[in-house]
Amino acid sequence: MKISARNALKGKVVDIAKGQIVAKVKVDVGGQFVTSLVSVEAIDDLDLKVGDEVSAIIKSTEVMLAK
Amino acid sequence: MKISARNALKGKVVDIAKGQIVAKVKVDVGGQFVTSLVSVEAIDDLDLKVGDEVSAIIKSTEVMLAK
Amino acid sequence: MKISARNALKGKVVDIAKGQIVAKVKVDVGGQFVTSLVSVEAIDDLDLKVGDEVSAIIKSTEVMLAK
Amino acid sequence: MKISARNALKGKVVDIAKGQIVAKVKVDVGGQFVTSLVSVEAIDDLDLKVGDEVSAIIKSTEVMLAK
Amino acid sequence: MKISARNALKGKVVDIAKGQIVAKVKVDVGGQFVTSLVSVEAIDDLDLKVGDEVSAIIKSTEVMLAK
Amino acid sequence: MKISARNALKGKVVDIAKGQIVAKVKVDVGGQFVTSLVSVEAIDDLDLKVGDEVSAIIKSTEVMLAK
């Protein structure tokens, strides 16, 4: 399966904090950090754990630029 | 000014392709690449050019994870 | 690869309209239609054509409800 | 009122799970399922209940394609 | 029809610029301006013209805060 | 720092409700209200309090129009 999203940053999960519905996941992508808010359901469905190798997927329409 | 968006990946602009309304910008963030679709108006307003140091800003609700 | 996005609607591409940077794709998902705006680069990268079987992937934070 | 969002999938609410701020709603859209994360405030404002006929509204810029 | 999106800013269209696929619309919302990128298809479907009274609809997950 | 996001509505924070991971913030922008869902982490990082002057930042691709 190939996805249209242009951004797939490879990294490692360094922290997972679960609320009731939403979880916050921190991913180390080559020394910089990416924070993701996903559903707890997704965390459970992917069996996501600290240390897992993941890709942070981001649609290019969601990326702003600051200069 | 400090922004609530959790993600600010530092990088360098490597390519800008302008359409009529939307432009596509490629940013090298430490060896990985981020693609951004923003308005041509934003490119002009920031006077964005290849070689510029920028941050790719992404709200954490927009980041998916793949494993 | 498994993705955290909760929504993957299976369907068939029925129309592709390309601009310079952005393309519009119509997908028939079981009798209802989904419209997607993605980069032309993504269309080319996936070699997307009318008639292709695809999944429309949508992060659940992007889904509103109207009643 | 007519909205610019290109996607309005008609369906029926099959599950609602409320957290403190965010709720997760599952909608059956013709045999496939759509998951939505909205504020609990929105759930209360729409008086949304299991069994309600709703439309899942999605801006086309938020739809990715996987092949 | 009532929508879950928490934000509906009332205003008047002051400019429309059409590309091939995407259009940019400027809306005056009480002295401040909102810019929207929507599909040209949506502009045509709503028969949107300068001077029209509209609401700018924004899902609350899409709103960042800067201080 | 200048950001590509086209929308920055100036206002004042009138309410903050915190969940475990996500917080809801209401901002008065010239008599109309904007609701934002951000991470509790962002609230803490910005030391955001009721009464603060803030800008509600919204990427133009996230703004729909209703007529």
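Some points to look at:
Order of writing sets the labels: A, B, C, D, E and F. Residues in every chain begin at 1.
FYI, contacts are C-beta pairs under 8 Å (C-beta built on N, C-alpha and C of every residue); 3 or more make two chains touch, one makes a residue touch a chain.
Quantities reported herein were computed from a predicted structural model and do not represent experimental measurements.
Common neighbours of chain A and chain E under the contact rule above are B, C, D, F.
Farthest from chain A, judged by the mean position of CA atoms in each chain, is E. The interface at D-F recurs elsewhere; of A-D, A-B or D-E, the pair that shares more than half of its residue-numbered contact pairs is A-D.
Interface residue usage between chain A and chain F, two copies of one sequence, is largely distinct: under half of the residue numbers at the contact are used by both copies. Chain centres here are Cα means. That of chain C falls 22 Å from that of chain E. A straight line joining the Cα centres of chain C and chain F is 29 Å long. Between the CA-based centres of chain E and chain F the separation comes to 17 Å, rounded to the whole angstrom.
Between the Cα centres of chain B and chain F there is a gap of 21 Å. Among the residues of chain A, those touching two or more other chains are numbered 1-6, 19-20, 22, 24, 35-39, 41-42, 46, 48, 55, 57, 59-62, 64-67. Interfaces, counted as pairs of touching chains, are A-B, A-C, A-D, A-F, B-C, B-E, B-F, C-D, C-E, D-E, D-F, E-F. The touching residues of chain C, when paired with chain B in their complex, are 1-5, 19-22, 39, 41, 59, 61. Contact residues on chain D toward chain A in their complex (touch as defined above): 17-20, 22-24, 35, 37, 61-62, 64-67. Remark: chain D residues 5-10, 24-25, 27, 29-38, 42, 46, 48, 52-67 touch chain C in the complex.
Within the complex formed with chain B, the chain F residues making contact are 1-6, 36-39, 41-43, 45-46, 48, 55, 57, 59-61.
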